[in-house]
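Chain lettering (A, B, C and D) follows the sequence in which the chains are written, and residue indices restart at 1 in each chain.
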Amino acid sequence: MATYILEQSFNPWESISEHQKSTTLHNQFGATATFIGTMRDFNDNETVSAMMLEHYPAMTQHYLEKLINEAKKKWDLLDILIIHRVGNIEPGDPIMLIACWSSHRRASLEACSWLIEELKHRAPFWKKETRINGEYWVEKNTDGL
Amino acid sequence: MATYILEQSFNPWESISEHQKSTTLHNQFGATATFIGTMRDFNDNETVSAMMLEHYPAMTQHYLEKLINEAKKKWDLLDILIIHRVGNIEPGDPIMLIACWSSHRRASLEACSWLIEELKHRAPFWKKETRINGEYWVEKNTDGL
Amino acid sequence: MSIQVKFFASLKETLNIDDHDIKSATTAGEAWDIATTNAERPDNLLVAINLEYAQFESTVKDGDEIAFFPPVTGG
Amino acid sequence: MSIQVKFFASLKETLNIDDHDIKSATTAGEAWDIATTNAERPDNLLVAINLEYAQFESTVKDGDEIAFFPPVTGG
């Protein structure tokens, strides 16, 4: 189980691959479900040229660990990797990565979806978008969309 | 949209990464959901040392394209990649890869889960496992487990 | 004038039969009977006509490709 | 004897206020009033005490860390 808060851009597929190699999961997992959230260059029909992601470091770390522990209680999971960007983000940059490994498919798929929603609604991150007319704090996350 | 039936082992993360680079998706997708099914070295509490995956090539190709078209009608998807192994497979080898790209998270997550179940129940693949006591055809897939 | 008949996976091994053509049949079920010389149909036997799942009562015509196989187990 | 008070994101900009310590407070709501010199509480204002979500009625004690912030928008 691992969580990383990164201030630099990362390659999600390399990160998953490296994490998978570093663990002792070999030949035990049958299912890997992953989700990557990526910054788009538009939102609400407006061009977004940049984004700044603020967070509350101590609480973020606490909440990511808490979500991982809750997911492990709810599903039979072999491993979880969560990566979240903070700081200045450019269009095309991955923002969030969640990867779940399990023996059978249901656990990893359900845990991955659950972790996305919980992270979006509980972990203390805030997005500020740079649009043509200025900078705007995103007011709330969409509900499962 | 792409489907590949492979007779050799593949690196799922490199495959997704290469597919993503080859498309014109840049800065349009906000969500990527993926699922990898991997061969484990045990099943039903028995050691499995090898697996042979047979398929019906023309019908497989037809069904994977059909599933992709159905998924595109049901959800607002930007791209789909499906890879499935056939032939002789070793423990630790990825068997199936499904990746879905969309603007918002719900479409890619739901389409990915749906494609897994539909592929498992409709695409003409058959697994034969080599166990300690001989070779056994897998009789049926588990129901969403 | 012929209909291609194919068998897959455990079914092919159990019947010990190769893919082959038959001259004619009116339904998928009749194609099974002709191609297997009246072998008993296993439980859960599936049939596809021209790459689409079908029923044993489905009609077949000259040039069709009929495939018989057990439940699929991919993914 | 002090309680740390933190503000984040749009809230920090709107209030134009820095994180600072206050001497004491009995509830999170009272900590807000003291730290902001009675600023109006925005709709949807959230509060955390020692890294856990809390209510404005939740009691606070010496040494606590209290954070005020708008709805979270990560992921």
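One rule holds for everything that comes next: a contact is a pair of C-beta atoms (placed from the backbone, for glycine too) under 8 Å apart; a residue touches a chain by one contact, two chains touch by 3 or more.
What you see is a predicted model, and the numbers here were worked out from it, not measured in a lab.
Steps from chain B to chain C, taking the shortest chain of touch contacts, total 1. Comparing the centres of all chains, each the average of its CA atoms, the largest separation from chain B belongs to D.
Centre-to-centre spacing of chain B and chain D amounts to 48 Å, using the average Cα coordinate of each chain. The centroid of the Cα atoms in chain A and the matching centroid in chain B are 23 Å apart. Mean C-alpha position of chain C lies 72 Å from that of chain D.
Multi-chain contact residues of chain C (touching two or more other chains): none found. Annotation for chain B: residues 37, 116 touch two or more other chains.
Pairwise, the chains that make contact are A-B, A-D, B-C.
Residues of chain A touching chain D in their complex: 37, 53-56, 58-59, 62-63, 84, 95-96, 116, 119-128, 137-141.
Touching chain A in their complex are the following residues of chain B: 11-14, 16-17, 26-41, 91-92, 103-106, 108-109, 112-113, 116, 142, 144-145. Of all residues in chain D, those touching chain A in their complex are 6, 8-10, 13, 44, 48, 51-53, 65, 67, 69-75.
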